[in-house]
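As written, the chain order gives the labels A, B, C and D, with residue 1 at the start of each chain.
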Amino acid sequence: MKIKIAIFGGSGYGGSELLRILLLHPNAEIRFVTANEHAGKAVSEVHRNLLGLTDLRFSKAPEDFESLADLDCVFLALPHGQAMDIAPRVPANVKVIDLSGDFRLRDASAFARHYGREHTAMNAQSQFIYGLTETNREVIRPARWVANPGCFATATLLGLAPLVANNSLSCRVIVDAKTGSSGSGAKPAANTHHPQRSNSFYAYKPFAHQHVPEIEQELKSIGDWTNELVFMTHSLPVARGIFASIYTETKHEIGVDDARAMFADFYRDSFFVRLVDGSPDINWVKTTNFCDIGFAARGRQLVVFTALDNLVKGAAGQAVQNMNLMFDLDEKTGLMLTGNNP
Amino acid sequence: MKIKIAIFGGSGYGGSELLRILLLHPNAEIRFVTANEHAGKAVSEVHRNLLGLTDLRFSKAPEDFESLADLDCVFLALPHGQAMDIAPRVPANVKVIDLSGDFRLRDASAFARHYGREHTAMNAQSQFIYGLTETNREVIRPARWVANPGCFATATLLGLAPLVANNSLSCRVIVDAKTGSSGSGAKPAANTHHPQRSNSFYAYKPFAHQHVPEIEQELKSIGDWTNELVFMTHSLPVARGIFASIYTETKHEIGVDDARAMFADFYRDSFFVRLVDGSPDINWVKTTNFCDIGFAARGRQLVVFTALDNLVKGAAGQAVQNMNLMFDLDEKTGLMLTGNNP
Amino acid sequence: MKIKIAIFGGSGYGGSELLRILLLHPNAEIRFVTANEHAGKAVSEVHRNLLGLTDLRFSKAPEDFESLADLDCVFLALPHGQAMDIAPRVPANVKVIDLSGDFRLRDASAFARHYGREHTAMNAQSQFIYGLTETNREVIRPARWVANPGCFATATLLGLAPLVANNSLSCRVIVDAKTGSSGSGAKPAANTHHPQRSNSFYAYKPFAHQHVPEIEQELKSIGDWTNELVFMTHSLPVARGIFASIYTETKHEIGVDDARAMFADFYRDSFFVRLVDGSPDINWVKTTNFCDIGFAARGRQLVVFTALDNLVKGAAGQAVQNMNLMFDLDEKTGLMLTGNNP
Amino acid sequence: MKIKIAIFGGSGYGGSELLRILLLHPNAEIRFVTANEHAGKAVSEVHRNLLGLTDLRFSKAPEDFESLADLDCVFLALPHGQAMDIAPRVPANVKVIDLSGDFRLRDASAFARHYGREHTAMNAQSQFIYGLTETNREVIRPARWVANPGCFATATLLGLAPLVANNSLSCRVIVDAKTGSSGSGAKPAANTHHPQRSNSFYAYKPFAHQHVPEIEQELKSIGDWTNELVFMTHSLPVARGIFASIYTETKHEIGVDDARAMFADFYRDSFFVRLVDGSPDINWVKTTNFCDIGFAARGRQLVVFTALDNLVKGAAGQAVQNMNLMFDLDEKTGLMLTGNNP
């Protein structure tokens, strides 16, 4: 079986990684990939890693959406604000996986506050399933529309879900999160200018990152979340990777072994969550769909560390994982992306 | 006036930075610098940045310490555990500044626990002044023996001192600290192997870093510290720099402006503490003696960010700052190390 | 069909990449992998990227080589000097692919000079085929013993082979080659110490790199090579990648288009050689088996640029490419390692 | 004595480094620094390394140039093409040091070809002295107008000057030059986008770099240069540093010791040229005004390696070195910028 696929927004890093994965996916057939500014160009001229692997060319986004009806699945990898125009126009028989923030939030005012624009398709939003595969697998399978989680949200939610589901937390939770420069996208900007970024580490968007409402919304659906969340994002001088240090206080003392057992149970069917000894390291998950999780504990202080690749488990990889579920495939299909050492 | 100086342990990064600074210090005269494994070699053969700037050669550590009596000041930049043998033998007229952890802790059992060896010179320890210049300036001036603070301790204490002095904190304090690879020293090791380290970020020594007791000891001397400290160290893929994200909860709401005012007052005589808008960045302090501090706040959550160079303000620079005080010089002498952009 | 495989030396970077590739190779079955210092440990404890992907454990090298007779193929990924003890003892029915320099040179004195030891198995050497797949495909297919090329040699030979085969060169050829830090192996050393290496670029082993005799030997087998070769190796501050700038003077003026046509013809059956516009970039070949080649020309000056991943096309990838040929598989099998952007 | 200085173009990296150096220069007084897009902003808001070190604010470029008559020296650190409008309008009593390419070339057609614009001030150009300090010291001292060399030109000329002056070269010379990302300036662009640049190495502008005519022009003034120059530029994944591997063929065999002696003699009065054993390394010259030079030789093949910081000896440092000469100061004044290890 081949899933007939279109990718909207193929020139950014999300699109780049969708292409890398789907080109070798045994059940995927990419019908077209759009990039308005590169229309007509070979995909491999923009993503030079793909030279020799595809003859695809970028096209403009279609004007007539009825022609999409012979597709099976559309990925939207567009800047925030564009998917809400496009998704509602996709024919009903075609599944949609949106990698942007457009359809993640059920609260229109939170969306407006964090994304700086009014939401124009809240009706459609209400039919979207939040695509954190490991917690929402059963509702993703039959979904027609999936809102793929943000990268920081994935790293944070996977680190907190078992604790919230087990109602283990008291007090505020502090998430000190760090991301590589590819998280800022493929377009050059002051904060990704190599001479500066290569020796930098700094905090940004204190308390205000747009993934915060998404995290809080989902924690409430996982369990009885009423804690305060302090969420801080920082910039790492590497291309890829997210690392979250999650500081919790548990109601009762939970040692590292107990924590590990709780997580092992919660993620028993989750191939892409790996529990590690000590700390995870972004080095071991780069370019893969894995989220590595480790622990440290002292008394009621439990620290959970998560590491993932922001563009794979934090974006394109999880999107394909969701596609696999939505088309009744093994969720690992096409995602055995072995990381490398070094 | 020239201060006649000896450096014990000149081949490591602490010694390297002492040499860089002292060679251009207008009041310093380096009489000798030891490095047993390099004895006889030109300093500039090991620290090739110094080629053309000095004809000094490394010597073996002297056997006869009485000959040191014609010195004014000895810097000890040796691996932990060696200074406690040496310091007590230095003639009484010679001041000692120790960059290791040997004389920082007043609690012998804490020392044994964190440094993995028994302390053999606790009598001497009791005469050491803790050399965090900004909080201890008045006792450092007349000191004969100074224990120079650890790099993480400096970053943490400078970020917490005004809040503790003003008795502003409630609840636990969480310090998420990150350091560059030079913090591990000049000797190659698995955790500083370039192919791996250059794409890594991970946590290490959870709760257990040897700077923790030093931080708690000093916080207690600065104010009424009874809070819980959660201290977590991480490894950054850069050569230099420490960044600490310090999560506090204040007794009363303190906004960013209030925090800034409090810190400005506390550090009004402290040239090397710079208060910045938003987040500091290790990029702007690298190779300098500055500690940059910034803030974020929401309700009673106050986050203090500190950034410094682990080898300068976190080691050799602060040591020279202390020497300046101990010899009645302006504390900035020889320390106008302008960072560079980029 | 499954090829039954043993890997000798699985803890280094060559072994690491062999494991990454062979674990997902549809026709490979790894029977055992040795690493004396890690015997008993899980492979995924050393190569933490492989966690969740294999239950293999490292074993000691076997004492009794007769037991190897039920294997099909042995990879030797050992430090130079060990394969010459092992290869001759492998049962005659088992194919051997050696990734070290032990069996590449037909001249025992050149071996002694460059590897600092006498060769003890020159009889065996004479039966080894040099495994530069693109030039030696037809003799590799039936080979029993293959000496896999060095990484610099691969980058240089692929850039020169068409020109030498077409007898196009006059005058000396200068190769300015640069390599990432993984080329120095998995063992920490002064030249791969992160604080220094991360801001370094320098030349090493001028004229004397051990890949030089291998390059000259093979150029002579490809064509009528009598030119002088000036070969210079440099260290890059990245983990992976080799880039060679090859300066030639051609007998007659050859423009970029002519050069490209000549190379396209020479490599018409070579999937893993990609001809690019302008310069290649190590960024586009990292973690893949591709060698990207580009050109610049002015008059009779023709510069060939080659870029490859030193651990893949320069080591483990080419070794598997050779295995594929030796076992009558498509040479791309298991080697569709898509690079990523970024 | 204080030299009254204005800097035109203070927001780029050239201006940034001029500020870093001149702020601590004992004989410099910066009267104003322009940056049209930042006019009114504190200098330390743009160059955050300078926070606490200056209260200067950026101003707009003055309209009335007569007011400049009370200055002693003007530095032009503007994009190519702007200095030729400004320099001729500077009052006759004020010395001018231009860091751009506007006044380096005596051949207007070469300028037009390499800089893509017609030269509009060739009269002024003829009065400019080329500011390669080490070769032109005697004509720089009395100069009113100095054209500061390009970074690649400095690295190449310092490596070739003694050989050309001694008429030692036969055959073509090949310069394989590599530069850090700051060479592309302070403005974000695709080739300095961190996610890509941090793992890149590639060649650019083959044969065509704008420093080539400048190099050839000066070689002819140093000696009897008639050789062919093959000049190739490459991009390094570091912020700072230029490394040139210069491949020459000498008329007679010159060993490393002879070469070193020849260079030592030629540079006997040149503090900022350091001759090193083996290869230099950009790591040892970063942030300093040194150019380190090393050698390798085999027969008549002599390879000269040069390393310098593109923004210091390759730009702002050399400009200040020239200013020192032009104002009768020791050329080292304000330039004792000790590099650091690591």
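Heads up, the rule we're going with is that a residue touches a chain if its C-beta (ideal position, glycine included) is under 8 Å from a C-beta of that chain, and two chains touch if they have at least 3 such contacts.
Given the structure is predicted, the values throughout are model-derived calculations rather than measurements.
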Between the pairs B-C and C-D, the one where more C-beta pairs touch: C-D
Furthest chain, CA centroid comparison against chain D: A
Centre distance in Å when chain B and chain C are each reduced to the mean of their C-alpha atoms: 46
Between chain D and chain C, distance of the C-alpha-averaged centres to the nearest whole Å: 40
Contacts with two or more other chains, residues of chain D listed in rising order: 13, 182, 186, 195-196, 198-199, 237-240, 281, 341-342
Contacting residues of chain D [partner chain A, same complex]: 13, 180-182, 186-190, 192-199, 237-240
Contact set on chain C toward chain A in their complex: 13, 16-17, 20, 23-24, 47-53, 182, 186, 239-240, 271, 274, 276, 281, 284-285, 287-288, 290, 292, 311, 336, 338-342
Contact set on chain A toward chain B in their complex: 172, 174, 176, 178, 195-196, 198-204, 206-207, 228, 230, 232, 234, 236-238, 240-241, 243, 245, 247, 249, 278-283, 286, 294, 296, 298, 301, 303, 305, 307, 341-342
